[in-house]
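Below you'll find the structure I mean.
The first chain written gets the first letter, and so on, giving A, B, C and D; residue counts start at 1 in each chain.
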Amino acid sequence: MLTEEEIITSLKNRFGGKIYNVVIAKDRRVFVEADRSIIREALSYMKNSLGFDHLSTITGLDSGRELELVYHIVRENSLVVSLKTKISKTDPRIDSVSDVYIVAELYEREVYDILGVKFEGHPNLSRLILPEDWPEDLHPLRKDVTLEQITLRIDWSRVEDK
Amino acid sequence: MVSETLIYLAQLLVFPGFLFVIILAFFAEWAARKITGRIQSRLGPSYTGYRGILQPLADFIKLLSKEDITPTTADKLFFSITPVMYFSLPLAAFSLIPITGEEALVYFEGDLIFLTFIFTVITSLVFLGGFSSGSIFSIVGGLRAATQLLGYEIPLVFSLLYPAIPAGSFSLTRIVEWQQQNSTWTIWAQPIGFGILITCMLAELELTPFDTPEAETEIVAGWSTEFSGARLALIRLGKNLELLLASSLISALYLGGHGQFWILPPVIVSLMKMFTVFFLMVFLKVIFARFRIDQILAGMWKYLIPLAIIQFLIVKIIWGL
Amino acid sequence: MSGSVIKVVIGPQHPALKEPERFILEIEGEQVVRVTPRIGYVHRGIEKAMENRTYLQNLYLAERICGICSHAHTTCYAQAVENLMNVEAPPRAKYLRTIIAELERIHSHLLWLGIVAHEVGFDTFFMYVWRDREIIMDLLEELSGNRVNYAMNAIGGVRRDINGDKALKILKGLEVIEEEIKKYIPMIQREQTILKRTVGVGYLNSVDAVRYNVVGPMARASGVKRDVRRDDPYAAYDELTFNIVTRNEGDCFSRIMVRVEETLESINIIREALSKLPSGDIRVKVRLAIPPAEAVSRVEAPRGELIHYARSDGSDKPARYKVRAPTLANLTALCNILTGVYLADVPVILAGIDPCFSCMDRMQIIDLEKREKKFWTLEDLRRYAREWYQKH
Amino acid sequence: MQFALEALKNILRKPSTQKYPIERVGPPEGFRGRPVWIVEKCVGCGLCARICPVNAIKITGKGREASITYLLDRCIFCAQCVESCNVKAIEIKREFEFAGYDKSEMNYVYDKKRIVENKA
């Protein structure tokens, strides 16, 4: 049973300065920030060496100036590490982790849908939840997208007047 | 001569002919729904008429008033013929069954074989109806009905024909007569045959556990998915008629038909027996889950056909030697 | 062989699916060779909507993510917000949350058992199970004021108390339910038609269950002993003793049995929680001024692990609120199981994961409230839409 | 055949459904139905309108002169308004049959001048 501190130490030993902003919010909840270049490596290290075999989900969010991805990984179904990374808003690209965690394939498609992040190496990066005719460049969860822009996408002119 | 013809016509059209049978079918549907409801801890139909007895009629009229849609992919000719045939075949076949007494309205040597043939034709109609609808669900449903036929056809025919062996006749009227003369029921000598017949009839009538052709959760309404309005009304009525036809056939073949019982008139006796079989089938339908199509075929060939052959040997030993 | 492959589309409207979702199955004969899911038909845009509502209003929005596990979602939401604010719900509130959560689990599992019976064509059993489920629904209505959206949770506690009178009613109802379930277990285990359709169908071994990150009863039916209630305790679960039901077969039948036995376990949990119920306040007064922070909250919903992630930026609305419902986690494994099975087994397997598609899809929402006009007629909508389309 | 006996037992058992419009069971005590404003108590602070998660409450005017419009078709019956009201001017009724043909008939207006609740 590794403690929260031990996990952070071993992460820091392995990746050094590319791991920062470590917060242990409460028992079993750890928030870590990592450089985007090591995300794939860090996740596969944590899965294979530290026993984080469960990827709960990937949260994508728009923090204003840049986009953020949060990988929630779980060890022994109890210790949750939220690995955060920042990516640029104009050219959002990051390595896909779908070969480390199979389920990531689905979660990455969701993030691609709502934020437009391109996952490099993803086997099938296509729409997951938005309709097929949704505009390519309209990513609903970005902060600059207003409710008006994503509201009422029904073509009423095609509906006959009674 | 003229009056005789008129009486015969009245018999054919009113009692015990078409009108009587159709009313009986509505009543049977109500009874089946009510009993299913009570078994499932529900009320069943309860608003129309006394305890909802008019509900099947109300449904029928409602369906008649609904829009009749023919899919563009459907084969128009067969799509229109199937419901009519599906309704009229069992209705016509009813005149072969001696409900009221001594003789059926129509009888001839070999009418049992004719009845067997009608049951097979009905399944072919199901296949045809499904195939002519042009919808994927209907086609799968029709195909499943045809596949299922491969399984139950042989034991069904066997068990239908066994009662003819002791009676020495292929006429239904003669078989019932034979049972009365010997004051016995065929079921005592041939219980296995009765079991096989009930099982195969469940499959023929597409009732659970053999309702794969219209498995709701897999293929919507199966072969009848695309039918609507008056066609659906006819199909539903036809289904009830077929169910009644099957129960009256079983009661005639195995339970002694209209045979005298206490002081009751023969028509009451035969109706009582008919509804006993009917309720047995409804009850069986309610207490099972659905088999898969491959499991049905395997089960039919593995168990029912050997059983049918055993029954044949028993019958042969008693009467044949 | 590509010539003989037929594409069968299940959904978005299909009787095997109680909610709209589409699965494109490529079949050869009666066997499935490839499955492509297409989700998003009940995508309501809840995550975006949450960013535009206050924390208090979001509590009720979170409740409406799912109708069946509404309490699981609000518990998760309340915990996340409490974490953001660094407050703890009082112990009595935690016990009350546990009791409602377990009642909800019983009702959800029974609902599912009925549906699986319906999928194998056994409508009578479906009616029996749903009849017995009414007892729980009535209890929940009595306790919380509504059959489905209980609105029991508040930020910092619960809204209604369970007094002695209601506790007695719960115990009485549980007795009836327990007797019924115990009667059904041997029936399910011996009824041939059910066994034929479920034993060995939809097999998932324990290695794959871990590899595909399967959660909830589906993982436990494959022998993976994972349960957030024990491993990552929340509410009052760390003070209660209970077993985690697991089975090793990994087929649809073991999924049935795991869920049925879990309802019995839930009954015991409620009894223990009622007997241990501490006295005290049921909620703490909180001021909804939330500092910038982030929180991860996990709950064992009836369908498995539910995870919420919240981030606040100091305003009265969350900066980001993420919900991942258990069905989405099981979707990858589901598609894998479906490959190679018979077409007739597809509904049973689909039902086997107890899918809840409304939970799975969230996001865009039609929100007219920010407009100035109060009531919109259809005509207004049309005009608005035409103008909108001309502009863009 | 496991369910044969159970099925037979159920024929004799009282059915668990009812003929709804003829026989009906009321909701239990504490059921969250339609909220009702007690105009005498209302001080017109507008808190209920602000916290309502679905904006089902509109308030016009100020203080004791305020008029409250309650939109039944938007209401989700969460009873948060009842809980938030500082002067306990909102009560929850046990009513639950709200189906109607016209949305515009589902608005209730609570106004000092008219005192009683009116359908708008």
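Everything below uses one rule, namely that contacts are C-beta pairs under 8 Å (C-beta built on N, C-alpha and C of every residue); 3 or more make two chains touch, one makes a residue touch a chain.
Just so it is clear, the model here is predicted, and its values are computed rather than measured.
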Chain closest to the assembly centre - both centres taken as Cα means: C
Whole-Å separation of chain centres (CA-atom averages), subunit C against subunit D: 26
Distance from the mean Cα position of subunit C to that of subunit A, given in whole angstrom: 23
Inter-centroid spacing, subunit B versus subunit A (mean Cα positions, whole Å): 61
Distance between the centres, which are taken as Cα means, of subunit D and subunit A, whole angstrom: 41
Sites on subunit A at which at least two other chains make contact: none
Residues of subunit B whose C-beta touches two or more other chains: 39-42, 286-288
Touching two or more other chains - residues of subunit D: 1, 3, 7, 10, 16
Chain-chain contacts as defined at top: A-C, B-C, B-D, C-D
Residues of subunit D defined as touching subunit C within the complex: 1-3, 6-7, 10, 16, 27-32, 51-55, 58, 76-80, 83, 92, 104
Residue ranges of subunit B in contact with subunit D within the complex: 35, 37-43, 46-47, 283, 286-288
Contact footprint of subunit D on subunit C as seen in their complex: 53-54, 56-61, 63-64, 124-125, 128, 131, 134, 138, 141-142, 145-146, 149, 151, 159-160, 183, 186-188, 190-192, 369, 374-375
Footprint of subunit C on subunit B - complex, ascending: 39-42, 136, 208-209, 211-212, 215-218, 220, 286-295
Subunit A residues within the subunit C interface of the complex: 25-26, 28-29, 31, 53-57, 59, 61-63, 70, 72, 76-78, 80, 82, 101-103, 105-107, 114, 127-131, 140-141, 147-148, 150-152, 154-157, 159
